[in-house]
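Each of the two complexes below includes subunit A, the first together with subunit B, the second together with subunit C.
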Partner chain A sequence: MTATGIRRANFWGGVITALTILMALIWAFPLYWGVISSLKPEDEVVRPYIELWPENLTFQHYVHALTATQIGAWYVNSIAVAVGVTVITIVTSMLCGYALSQLQFPGRKLLWWLILASFMVPTQALIINHFVLTSQLGLINTWAGIMLPQLIHPVIIIVYKQFFDQVPHDFREAAVMDNAGEFRILFRVYLPMNWGVTTALSIVCFIWTWNAFLWPFLSVTRTEMMTITVGITQVNDAFGVYYARELAAAVLAGLPVALAYLLFQRRVTEAITLSAGIKG
Partner chain B sequence: MRTGRDLELVAVTKRYGTTVAVNAVSHLFIEGSYVCLLGPSGCGKSSTLRMIAGHETVTEGAIILAGKDIAQLPPARRGTAMMFQSYALFPHLTVRDNVAFSLKMKGIDKAERHREADQLLDLVGMTALADRLPAQLSGGQQQRAALARALITKPQVLLLDEPLSALDPFLRIHMRAELKKLQRELGITFIHVTHGQDEALALADEIVVMNNAVIEQAGPAREVFNAPKTAFVARFIGGHNVLALPQGRFAVRADEVRLAQDGAEAVVTSVEYQGAHVALNGRMAGNQEILALIPEADFFADPKSPGDSVRLSWRADRAHPLEA
Partner chain C sequence: MLTNRRKDALVAAVLVAPFLAIYLLVFVWPTIQMFGISFTDAPLIGSGEWVGLDNYARLDSDPRFRTAAWNTAYFVLLTVLPGTIIALLISLGVSRLKGRLQAAILALFFLPYILPVSVVYLIWDWVLNFQFGISMHILDLLGLERIPITKSREWFMPAVGIVTIWWTAGFSILLFLAGLRSIPVEIYEAAALDNAGRWTTFRRITWPLLWPVTSLVFTIQLIAQLKIFDQVYLFSQGGRPNDNMVLVYYVFQRAFQQDQGGRAAAVAVTLFVLVVVVSVLQFQLLRLAGGRK
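Presenting the complex of A and B:
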């Protein structure tokens, strides 16, 4: 590359970096604003001008959210539901993806097309059916009721199928020659060959479930059975409009997800890349 | 000589829809022999191997090993093992665990399976690398590990699907000598699929040449090379001229063709120095191409150039009549 070429590349590289930083700031500012507001006294929050740092830093809203609400129960509910959904979804999607990719059985293509077609139907369109069914099963206000409709994630099945499709066929044949059955091929050969896929999909599934609002909101009426995303709306109901308190509860609700992002940044990016263009 | 533990294909056919990949192939693989299935891409050699291994179903026919039809048995119960072209070593397992994998599937305890794996690794000279992952091995080392893994099942027949094709030429020559040595030591039948004529000639006790889903010729390496039955075999095995003479079609080895005072007239089209030989290409009457591999000293005693008229001859008993 010539000196002019290098200078031109550096210039555009700088422009792109500056734009990326600007976009990141635009995305990050509301988060910053939320966190900082939750650390201000209520009267500071409602001031009609912008203050980027609290005049009087306080943790009183966090203390309130942790002591005067049922946030503990909401955390437990969210953890139980998110872990349950993640484990069950990952195991069933993995088995389904493996079967679709590796096994020959009648109706395989039909099943595959049905899974693909399920993208055409938005979850919201099914929510009444889900509610009626859950209600008839007597599962309203139960963990099982919150979990059941969230166990279907076609995107995870599709990512698994694609992953299994890409594993060279020789590995399967070598394992078959070594007397491995289908479960052993899956659990002893295919999965350990790339745990990254499972880790990434598990994290993403956990985050989706943790952040889910509409279905947990509809399927639970008792405060102590709410997940945290639904529970924090009760802070508003119970105490009127207290922005700082609501934001403190929201920060507490988002904390595990934020931690998951920070700890597993690379895996989350990998999962998003894997499912890019698939998720409907 | 036939023994009770030979492998026999009886009219084995493989069809994929209307395409016939292997057409009623029958052949006896003598116990303890090194057999090379040789042929161009798509001739049916890999399908044949995969049917013996159990990775492809047999459309028609029987595969008899030690007196028992194994055609319908699952791969792990056939008494065969396979070494894959890609080696198919599981990337997440160490070499030792790869070798011991089949024993693990049989429920054999760790100490015992590691002991057996170590014996096999010793046999292929891989003891020092037992704790490495496949990605940390060279191509040749991966091949040895794959061999050990295939042999741990104590197969009666080892199937090798183009085992040397992933290696560089130098290593290929080295490894084929090791394969032959190992086969002699173990005394089991090796069936080796290749499209490399030199590989087949160097290794095989018996060469089975396949073309268009059938066996064109089978026999000891020297026999196939010296007396090809068909024009295809003569051309594929290499080093032969296929000539249409007044008496019929004949195969004549290129190194049997000599520059002479009398013989067939030809015009030199190209001359290529190859070290021990000089490859002289010529065109005979009827526009027939002919190749003569002339010993270097003979050629340079009376060098020829493209465009020169020459006479070429060969011993009459070295011209083998072709059936097709």
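Presenting the complex of A and C:
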């Protein structure tokens, strides 16, 4: 390449980089704007001009949300449901993934196809019958009811199966020689070798459940049983037309998953790429 | 050997049972039930009379269903291809960056995706607020007239489309970045030796090698947007839900607000079949793409 060619390439490369960074800042601006608005007094929020930093920074809306609304109860509901779904899904998927990967049994192929086929099922189409089922079981307005239809993430089984497939066969043979039972092999050999993927899948499963809207919205009618993602959009009278208060509630609802992502960035992106690659 | 086999099968049954029980209860049974009640005039809870294909036959002349079908198609058009292109462009930009800067910039693009839809809704509802929203201040500055975006028939779907692209692009960007990383550097070095320009390099190397990822992103988006509900419902609160009707919203309204489980199920079945057909096509396409390698 000629000298001017290189200079020109560098120039345009610089322009693209600058545009990318500018775009990222614009992209994240609504988030910044939401957070910053929640830190302003109500009268500052409705000023007729753009104020990029609060004149009187205040946490009063957060204090209000945490002490004078049902957000505390919603947090408890969200945590209970998200932890419950995550634990049950991870354990059942891991057991099933192990069986599919390491054991020969009749119906194995059929089960595998069932799991692959379930990717196609749009759970949104099943809401009517999920509701019928949940109310027949008497679980409307309960944690168990919110959890039940969310307990299946076929992709987690598939990821587990693939990771278990990669464990060298020698480990298994050595354990079988020692007369170790299947559960012992799974929990002492296969699981410890795959803690990384278990952590990653648990975090994203928690995030998925925390963020779920449609089913928690349908299966709960009493405000004190709502998850936080539903509650902040359904109980408007708790906030009136106080914009900053509403945004403070939104920040509180998004904070746990945003923190989970920022703390475990690599794990989260890894698990999401894994699950998407397989969905294809 | 035989006892071993039998032992294996027994252990497998125990391991698989919890998953299978849940699967049958929340996947298979509701699916069968959905097909079943779509041929009856059942309310949401309780049984109804057999009406054959009536519920399906009525769809064609149901204006609200037509609105729902059109809006869903319109929403797919607004989000799927534009969202894929935007994510591709962003990921090309991000992939040029290195180390910590790349991680930070990626995080800015990715953060919205990790947030619950209700948080996304509250933030954007505030940004688009007719009286005090910052977007309206910007329109003022530009000398343009303010628009009550979420209350207007023309602007509602495009606005929700933009919000959706903003919300979900992070996911597509992540997939594109993974795809870009898997293209060997040597190919680019060879192209540089041949004095290939930026555009030629993209068109001859990046685009074809990235094609499997592009089609994956496209179809994942397509399937996701056919099932759109949350954003449309939230932004329609206090607005004009009947004009903004989409397929899942129709199911929700018929079943949960009008207590017509049978008629709702007919649309649920329609959506179900639609998504399954698209998924099967996607699967076949990816197999074809894979077979080419």
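Just so we're on the same page, the second predicted complex is superposed on the first by the 242 of 280 C-alpha atoms of A that agree within 3 Å, B and C clash if a C-alpha of one lies under 4 Å from a C-alpha of the other, contacts with A are read in each partner's own complex, and residues count from 1 in each chain.
Going forward, a residue touches a chain if its C-beta (ideal position, glycine included) is under 8 Å from a C-beta of that chain, and two chains touch if they have at least 3 such contacts.
Predicted model only: the values in this text are computed from it and were never measured.
Peer 1: So, A:Thr223: does it touch subunit B (first), subunit C (second), both, or neither?
Peer 2: Neither subunit B nor subunit C is touched by A:Thr223.
Peer 1: Once the shared chain is lined up, is A:Asp170 touching subunit B (first), subunit C (second), both, or neither of them?
Peer 2: Touch partner of A:Asp170: subunit B, not subunit C.
Peer 1: With both complexes overlaid on chain A, does A:Val257 touch subunit B (first), subunit C (second), both or neither?
Peer 2: After superposition on chain A, A:Val257 lies in contact with subunit C alone.
Peer 1: Applying the document's definition of touch, where does A:Asp178 land relative to subunit B and subunit C: first, second, both, or neither?
Peer 2: Only subunit B is touched by A:Asp178; subunit C is not.
Peer 1: Just checking: does A:Asn141 make contact with subunit B only, subunit C only, both, or neither of them? Give me first, second, both or neither.
Peer 2: Neither partner.
Peer 1: Counting only touches as set out at the top, which of subunit B and subunit C does A:Val189 meet: first, second, both, neither?
Peer 2: Once the two structures are laid over each other on A, A:Val189 reaches subunit B alone.
Peer 1: Who wins on subunit A residues touched, subunit B or subunit C?
Peer 2: Looking at subunit B versus subunit C, the one contacting more residues of subunit A is C.
Peer 1: Considering only the touch criterion stated at the top, classify A:Thr199 as touching first (subunit B), second (subunit C), both, or neither.
Peer 2: The answer is neither, since A:Thr199 touches no partner chain.
Peer 1: Do any residues of subunit A touch both subunit B and subunit C, and if so, which are they?
Peer 2: Touching subunit B in the first complex and subunit C in the second, no residue of subunit A appears in both lists.
Peer 1: List the residues on subunit C that touch subunit A in their complex, please.
Peer 2: 5, 8-9, 11-13, 15-16, 18-20, 22-23, 25-27, 29-31, 33-34, 37, 44-45, 90, 93-94, 96-97, 103, 105, 107-112, 114-119, 121-124, 126-127, 129, 131-132, 134, 137, 166, 171, 174-175, 178, 192, 195, 198, 216, 219-220, 223, 226-227, 229-230, 234, 237, 248, 251-252, 255-256, 261, 264-265, 268-269, 271-272, 275-276, 279-280, 282, 286
Peer 1: For a test of understanding, state which residues of subunit B touch subunit A in their complex under the given definition.
Peer 2: Per the stated touch rule, the residues are 53-55, 74-76, 81-82, 84-86, 88, 90-93, 101-102, 105-106, 149, 153.
Peer 1: Show me the residue ranges of subunit A that touch subunit C in the complex, using the header's touch definition.
Peer 2: That would be residues 1, 5, 9, 12-13, 16-17, 19-21, 23-25, 27-28, 30-31, 33-34, 37, 45-46, 48-50, 88, 91-93, 95-96, 98-100, 103-106, 108, 111, 114, 118-122, 124-133, 135, 148-149, 151-152, 157, 181-182, 207, 210-211, 213-214, 218, 229-230, 232-233, 243, 246-247, 249-251, 253-254, 257-258, 260-262, 265, 268-269, 272-273, 276-277, 279-280 of subunit A.
Peer 1: Inside the complex, what are the residues of subunit A that reach subunit B?
Peer 2: Its residues touching subunit B are 168, 170-171, 173-180, 184, 189, 192-193.
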